[in-house]
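Dropping a structure here in C-alpha cells format, bear with me for questions.
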Amino acid sequence: MRELAGKLLRLDRRAIFVLIALATLIPLLYPVGLPIRVSPEVKRVFDHIESLPAGSVFLLSLDFDPASKPELYPMAVALLNHAFRRDLRVVTMTLWVTGTGMAEKVVSGVASEYGKRRGLDYAFLGYSPGGANVIINMGQDLNAAFPADHYGERTADLPVLRGVRSLRQVNYVVSLAAGTPGVESWYVYGKEKYGFELGGGVTAVIAPGLYPFLDTGQINGLIGGLRGAAEYEILIGMKGKGMAGMDAQSATHFIIIGLILLCNLFYVLAPGTVVRSFDPSAPLRTGSAQDRTGSPQEGQR
Amino acid sequence: MTLFLRRTLPLLLTFLFGVAFAAQYYIPHPVSEGALTEISVWLRIILGFAMILGIASLCQVHYAKIRTRVAGWGYSLVVYLSMLITVAVGFWAGGQETGTGLGWVYTYTLLALQGTMFSLLGFFVASAAFRAFRARSKEATVLLVAAILMMFGRVPLGEYLVPAAGPLAGWLLNVLSLAARRGILIGISLGGIATSIKIIFGIERSYLGGRE
Amino acid sequence: MPGDSGGSVGLSWRAAPFNGPALRYQVFFGEQERGPYTQLAEFPANSHYKSDADRPWWSWDRTKNVHFYQVKSTRTLNLVNGRPYFFKVALTDGTQSLEGPVRSAVPEPNLFNWNKANNLLLMIVFSTLVLISISQAKRRPNIFLRRIPGLDAVEEAIGRATEMGRPILYLTGSDDMSSLSTIAATVILGQVAKRTAALDTQLKVPHRDPIVMAVCQEIVKESYLEAGRPDAYREDSNFFITSDQFSYTAAVDGIMLRERPAANFFMGFYYAEALLLAETGAGTGAIQIAGTDADLQLPFFITTCDYTLIGEELYAASAYLSREPVLVGTLRGQDQGKAFLLISMVIGTILATIGAFTGTQAFVPVLQLFRDFK
C-alpha cells in the first residue's frame, strides 16, 4: 500500500491533464445547470447601469487580448446586452492592440441583435497607442484623443458623441481588463482626475488585487472571472458562455480538490514520510519542494 | 559632447520633466492641464515609435540568426515570413478585420495561439497543485486549507453542497486577502515612489542602458 | 472656488436666526446685475452648511451656521473664467420671500490645490527620507541588513548546476529597467554570474527587453572580470527573444525542455506567464528559485519553486548582496516610510474607534491628514 502510494505520488502529469480535459469537456457537452449565487460586487455594476437614464453615456473599454477571451468576452457580451436594453449611448474602445479585432466583433455583433446603428446609438473608437496617456487625452479632449473612430469616421460628427467633449461628460466607465493598462490605469489617470463613475471586470487571477479599490469606493463594482460573467448573465436573464462554463469550472475545481486530498493521503502513506512540525528556530522556507533527489527540501521529509 | 548627449542631457530632461509633472498633480490651473494634455500626446507619439524600434530590434536579432545559421534559424525565417504576410494582408484589407484576410489571420492564428497558451495554465495549475499542495508543515497546511476553501466556495457545485462555502470564500477574499493585499500595495507604492525619486534625481541611471 | 481650475463659484451666507425645515433657500443667477435672474437651486433652510462640505480643515473654513452652495458649469450653464456673474439668495416660506443683496463673483483658476497639501507634504517627507537614507548609506555602507534565507538557496542552486554539468537559466522578468524588481534582478544576476564564473558553469539569460539585455550584458561581463575569469565570458549568454508575452514564454519553455538547465532563477516582475515558466521548469527536475514583487503570481511560484523571495525580500536580497549604497539606502528609506505608516494606522484606528464610540469630532483633524481629498 505504501509502495503504491509512493508510486501514485509520482503520477505522470499527463494523466492529470487528461482528467482536467475530461472535467472540462463533459460538463460542456452535458450541462447540469447548477444555481449560481450573485455576489454584491457584481450586483453593484448591474444596479448602477440600471440606474442610468436612457441616453446616458456608457463607455466600455475592452482592455484584453485573445488570451483572456474566455473570461472577459462573456462579460463584454452581457454588459453590452444590458446597455443596449437600457438604451444607453454606448461608446467602446480598447487599449490593447491585439484585442481590437475581438472588441470590434463583440460590439458590432451585439449591437446588430438590438438593431442599434453605428454612429447613432453606439460607437467603436478602436485602438490608440499610449495606454494611460490615451486616458489622459480623453479626459482633456475626447475628439483629440480619437479624431476618428475605428472605421475612419470623424468622432466630432458622430451623433452618439454629441455633447461628449471629454471623459467628464461620460456617466459610467467600465474597463474589462486582463492586466495593464486596465482598471487601475482607468482609476489613476481617469476617475481620479475627471470624476466619472468607474466599474471593473477582470480575470479571476487579478480580481483579488482589486478588492482594496472596491472597498474604498474607488471602483463601484467588480466582475471577477467567468463566475462574475455568469452572475451578470443571471442578473440580466441571459444564458451565455459565462453560465455555460460554470459547470465545467465546478468539475475542474472539484477534480483539483480531489487530487490535492489524494496526494496528501498518498503523502502520509508513502514510505519515509515524516510530517514536520513547525520549528520557529529553523530558517523560514516558503517554497514547496519537488520531492525528488537533489532537492534542498529532501532532508526535511 | 557625446557624454553630454548620452548622459547629461537625458538626466537633465528627466529631472525637469519629472519635477514638472509631479508638481502638475497639485496645480489645477488650465495651463497645467494643457501641459499634461500636450505631454501625453507626445508620449503617445513616442510610444508609437517605440513599437517600430521593437520591430526593428526583432528583425535585427532574427536576421543575425539566419545569417549565422545558428541552431533553430529556421524558426527565425518563420518569424520573418509570418510578419511580412500579416503586414501585407493587413494593408490589402485596409486595416479592417470583418470579413477580410486580416480578420482570418487574426481569428485563426493569433486568437487560437494566444488562447491555447493561456489555457495551458488550467492544466498546469492542476499538476502544480497535485505536486505541491502537501501538508509538510503548519504553514503549508494553512495554505492548503485556504486553497481548498476558496476553490470549493467559488463554484456553484461547492455552494450547492455547502451553502456557507460561498460566503466563507467571500470573507476570505474580502477580509483576509484584502488586508494582505493592502499591505503589499503600500510596500509596492512606496517602492515605486522611491524608484521614481531616484530616477528623477539621477541617482538611478541603469534605465539609460549600460553601467557607470 | 478654492483649489479648482475655475469654472465655478462658491456662495456662502450666514444662516438666518429663524431657520427651520419649513423655510427654503433659493439661489438665483444672472449674467447682468440688472437681471434677468434664473433660479438655480432650492433647498431646505436647515441644509447645505459650510461644515457639511467634504473638505479638509486646513483649506476650508468650517464655521457653523454658515450656508454654502457651489455653482458649477454644466451643459446648460457655462461659467467662463475672468467674467463676472451675479448671484442672490432668497429665503421663502412658500408665500413670502426675503431676498438678500446681489453679489458678484468672478470664477478664476487656482495655482495650487490646497486640498492636496497633505499629499504633497507626505510625498516630500518620504522623498526626503529616501534621499537622506541614500546619503547616509554612502557615508556609512555597513548599515545592518538581516540576511535573507533565500540567499542560501541561491548558492545551493548554483552548486547543484555545477555538479550536474548543466547550465543555469536566469530570467529577469517582464518589466523594463525603470521597475525596481528588474533592477533588483539584474543586481542578483551580477552575483550569480560571479559564482558561475568561478565554478565555470554555463549561464543563459533570455530577455524580453533590449535595454534590460544591454544592461545585463555589461553586468555579466563585469562579474566575470571581477571573478578573474574573462576568458570564460560568453557574449551570447544574454540574448533577446521577443517582447511578446507568450511568444517569449514558449521560447523559454523550449529552452528548458531541450537544454534541461539544472537551476532556474525567476527574478523580477511576472504576469500570467509565471506558472507556464515555473511549471515547465519543475517538470524538467530543475531546482527553482523565484523572487518577485508580483503578488498575484506569488502563489504560482510558491507552489512550483523550491524557494521564493516574496516582495521586498527581492529588493533586500539585491541590497544585501551588492551593498550598493543606493540600494541599501532606498531599502532603509522605504522601511522607515512603512514604519511611519504602520504607526499612523495603529494610532489612526484607535482614534477613529474612540471617535466612533464617543461621537467626538476632536480627532477628525488628525485623521484628515491621511485622507485623499480632490
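Just so it is clear, A, B and C label the chains in written order, and each chain counts residues from 1 on its own.
Here is the rule we use: contacts are C-beta pairs under 8 Å (C-beta built on N, C-alpha and C of every residue); 3 or more make two chains touch, one makes a residue touch a chain.
Just so we're clear, the structure is a prediction, and the values are computed from it rather than from any experiment.
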item	value
Most distant chain from subunit A, judged by the mean position of its C-alpha atoms	C
Pair joined by more contacting C-beta pairs (A-B or B-C)	A-B
Subunit A and subunit C, separation of their C-alpha mean positions in angstrom	23
Length of the line joining the C-alpha centres of subunit B and subunit C, rounded to whole Å	16
Touching two or more other chains - residue numbers and ranges from subunit B	33, 114, 117-118, 125, 127, 129, 131-133, 181
Multi-partner residues of subunit A (each touching 2 or more other chains)	13, 67, 208-209, 286, 288-290, 297
Per-residue overlap in subunit C, given as positions that touch at least 2 other chains	246, 272, 282-283, 295, 302-304
Subunit B-facing residues of subunit A, complex	11, 13, 16-17, 19-21, 24, 34-37, 39, 65-70, 98, 100-102, 104-105, 108, 128-131, 133-134, 136-137, 140-141, 144, 151, 208-209, 211-212, 215, 227, 246-247, 249-257, 259-264, 267, 275-278, 286, 288-291, 297, 300-301
Of all residues in subunit B, those that touch subunit C in their complex	22, 25-30, 33, 54, 57-58, 61, 113-114, 117-118, 120-121, 124-125, 127-129, 131-133, 143, 181, 184, 186-188, 190-195, 197-199, 201, 203-204, 206-207, 209-211
Touching residues on subunit A, where the partner in the complex is subunit C	13, 67, 163, 169, 179, 192, 195, 205-206, 208-209, 283-290, 292, 294-297
Partner subunit A, residues of subunit B touching it in the complex	33-34, 36-37, 40-41, 43-44, 47-48, 51, 96-98, 102-103, 106-107, 110-111, 114-115, 117-119, 122-123, 125-127, 129-140, 144, 147-148, 151-152, 154-160, 166, 170, 173-174, 177-178, 181-182, 185
Partner subunit A, residues of subunit C touching it in the complex	75, 149, 152-153, 156, 160, 245-246, 271-272, 282-283, 285, 287-288, 295-296, 302-308, 310, 374
